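Look for chain A in each of the two complexes below; its partner is chain B in the first and chain C in the second.
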Partner chain A sequence: MMIIPNSTEVPISEDEKDILQEVMNISFGQVAAELAEIIDVLVVLSVPNVTVVPGKDFQNYLSKKLKLSPPFNVIEQSFSGKLSGIAFLVFSSESGKNMVAILDEEGGEDGIQGIDQLEKETLMEIGNMLTGACVGKIAEQLDEVVYYTLPRVILNSSSSLIDLVDKDSVVILVKTEFQFADNDVSGFLFLITNQDSFQWLKEALHRYIEQF
Partner chain B sequence: MEENQVIDTVDTGIVIFDREYSATYWNGWMAAHTQISENEILGRSLFDFFPKLKNPRFLRSCKAVFAFGNLAFFPQDPYGYLFSMKPVEWFRSEFKFMQQSCTIGPIRGEGKEIERLFVSIRDMTEEAAYKKKLVALTLNDELTGSYNRRFLMNFLEDELYRCRRYNRPFSVIMMDIDHFKKINDTCGHPFGDEVLKLFASTVVRNMRKSNRFARYGGEEFVCVLPETDSEGGVGFAEKIRKLIEELPLSYKQSQVKITSSFGVITYTDDINDIATLMKKVDDALYKAKESGRNRVVVAN
Partner chain C sequence: MINKILMVDDSEVALKILKRCLPTDKEYECVTASDGAEGVEAYKSEKPDLTFLDLTMPVMDGIEALEIIMNYDADAMVIVCTADSQKKVYDKVMSLGAFMMIKKPPSKESIKAAMMQVLQRLKESLRNNESSL
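Moving on to the complex of A and B:
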């Protein structure tokens, strides 16, 4: 089955999608610069690609379009407020180990901690930072404040993400590639919102564009 | 103000600090548990009082919250604690420092700019102790007190990964008490259990601190020796073999002699997974049994 992201089933107009894309571009531009300063390595964030898909088409979209299949590392974090939902960061299984190498050269060889533990810590930190940065910046652009729960790290998840997505929800798919220094650490960010929140987002996007 | 009273007495630590990491608020809970009063710490750097706080992860997290206005989390698992202080029940706690779950968040000024950060600190010492107990229950063999198979397999995965990444040696010894069934049959199971315990304690007493010893099944045990080459592995197996042979055991006034067999393997880069490693060391142990028992055989 072919998925057309702009099919009539998706409750967002072309204009709204353009504004969302713009908000994301601005947010991610700031995030990249600030992240580089914080982790002290060069961070390249590609221009985010924004797609909105209905929850029921999500799985198909993942496997057919993104060719993303398990196992991967997943960092799951809920956020609430007017903009509420769940953010999923999905990295390949190797990405986690590459991140450990970037952040924790000094801690990685002490031999006390298990490598899984270290990987988990690093993924939790980086995941929390990326989600917080992206969701936070979007909220900031739209003049809102968001609250976050503790991120949950699932290593080498082989289960399908579809189980986590309600069929009636709307998935805002933000695909971006992160590159840390010379190490390939790339991942996808998915933001999943419920209908109420999606409605608020659409209104906020209109308010946003009116100020210019 | 009512809310100030609450914040001051609530059973959560609240600290506020500025971009220079100087404390601007220190609640009653913090003062009570650190023995550092508000007067002492206000206006001074947190790092003057908590030097260990000045670590890359904490600094990165604070910078991120200043930049993005998100929340940064330091849950007890895996971080332990942020602010070193004695546990409330220090006289009987197994933790030297209070275990904490901490959250760092932004505080915005009039212009919505983030000017300060807060940290909330929750005491998780009791929960952490329970969790530790539960984890121990799932990782240890009840009879011998050594690790169980589940722990062993996880440890081997980590060790294999470490060795591949840092190109370091490690050895694995699989060992088995010879004719154990006969011991059980002639002397009874309680005696057999004592033999298992004695065998385990003999290995544990003689191994290095970094080694891990686990009951693999029945009378089969595995010892993992990080940073140990083949020579070291064989040497240790030989030492244990001799010690077991010389154990002064007796059943109903008559002397009982036990012996044991060993398979030894040292990691080489053609070993891609744990299954291969275990198969090879198991084969070596089998050869030791086949060729007469009470000996050490190196896997090829």
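Moving on to the complex of A and C:
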């Protein structure tokens, strides 16, 4: 079984990564359909790209590979069960504003709530769906259930995400781009899990493929 | 009759799952392609009896590939296999001439039922062609 060379600290085989990628692909396809029902526009999602990195290499990965720098909007949500951890959905500040524009076609709310509050609520809702889609549908496909805390939104964060990541954890990075109508919105989803959860996930991925 | 099947998907795992879901009553010749552009080329060179086509793919997506395939061969039997079940996506692929759309992940049952419908359609086409001669 081949081990991915650039993640020697995280033993995941190419086969396991391929299965995880397909499970993510199916999950995101399903959430695209759910989102489209809510906002009544065609939602196009790119092929999600899955990378697994050890927690201690996360900072390096963020700055060098993703070239992700602040400010960005972060939606944080914890999940528990056999698959447990924290999900971080990260959008550029511009993407966040684009999403608000798409979801708030009728306008009128800005004056009452303020754009920050509206943006926060929009991001929370989208974040909830995407995290739920990703984590929940992975669990569903793997015949498990996860429980969530309420999402927390941090607008225009300039703090480093790595402060939130334990060095001994495993980071599953899902990069995907969304297109709502004619607006491109791109984001990253990071799932931070512990070694036990990651081990369960790998075993579950094998069970998943064996059912066919 | 369905003998040769083209499967277009960028995921090796998805292709593996699809192959495992094929009915085992007979041997099918399976040809695979890993994106829409490869799928179009494979369609033209292989002339499959049935094509399973994913939508979200790099290089060329399934919608564009479907359009090219249907322009090339209006009788192409293409089953779109996707997790994205948006009504607008369904309407689009059906208007482009897809035979049907099935949801990912497929199951042995969903593939068998879809192939039965394809067979039925192929038999009807054959009967119509014979009666018009």
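Please note the rule applied: the second predicted complex is superposed on the first by the 201 of 212 C-alpha atoms of A that agree within 3 Å, B and C clash if a C-alpha of one lies under 4 Å from a C-alpha of the other, contacts with A are read in each partner's own complex, and residues count from 1 in each chain.
We take it that a contact is a pair of C-beta atoms (placed from the backbone, for glycine too) under 8 Å apart; a residue touches a chain by one contact, two chains touch by 3 or more.
As the structure is a prediction and not an experimental result, all values here were calculated from the model.
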Touched partner set for A:140, first chain B, second chain C, both or neither: first
Chain B versus chain C as contact partner of A:43, first or second or both or neither: second
Contacts of A:200 with chain B and chain C, given as first, second, both or neither: neither
A:212 touches, of chain B and chain C: first, second, both or neither? second
When both partners are placed on the shared chain, which of chain B and chain C touches more of chain A: B
Chain B versus chain C as contact partner of A:151, first or second or both or neither: first
Where chain A meets both chain C and chain B, residue numbers: 37
Of all residues in chain B, those that touch chain A in their complex: 56-57, 60-61, 63-65, 67-73, 75, 78-79, 154-155, 158, 161-162, 166, 210, 226
Complex interface listing, chain C residues touching chain A: 10-14, 16-17, 20-21, 56-58, 82-89, 104-105, 108
Chain B contact footprint on chain A (complex, rising order): 31, 34-35, 37-39, 103, 109, 111, 114-117, 120-121, 124-125, 128-129, 131-133, 135-137, 140, 145, 147-148, 150-151
Contact footprint of chain C on chain A as seen in their complex: 18-19, 21-22, 25-30, 32-33, 36-37, 42-43, 45-47, 141, 209, 212
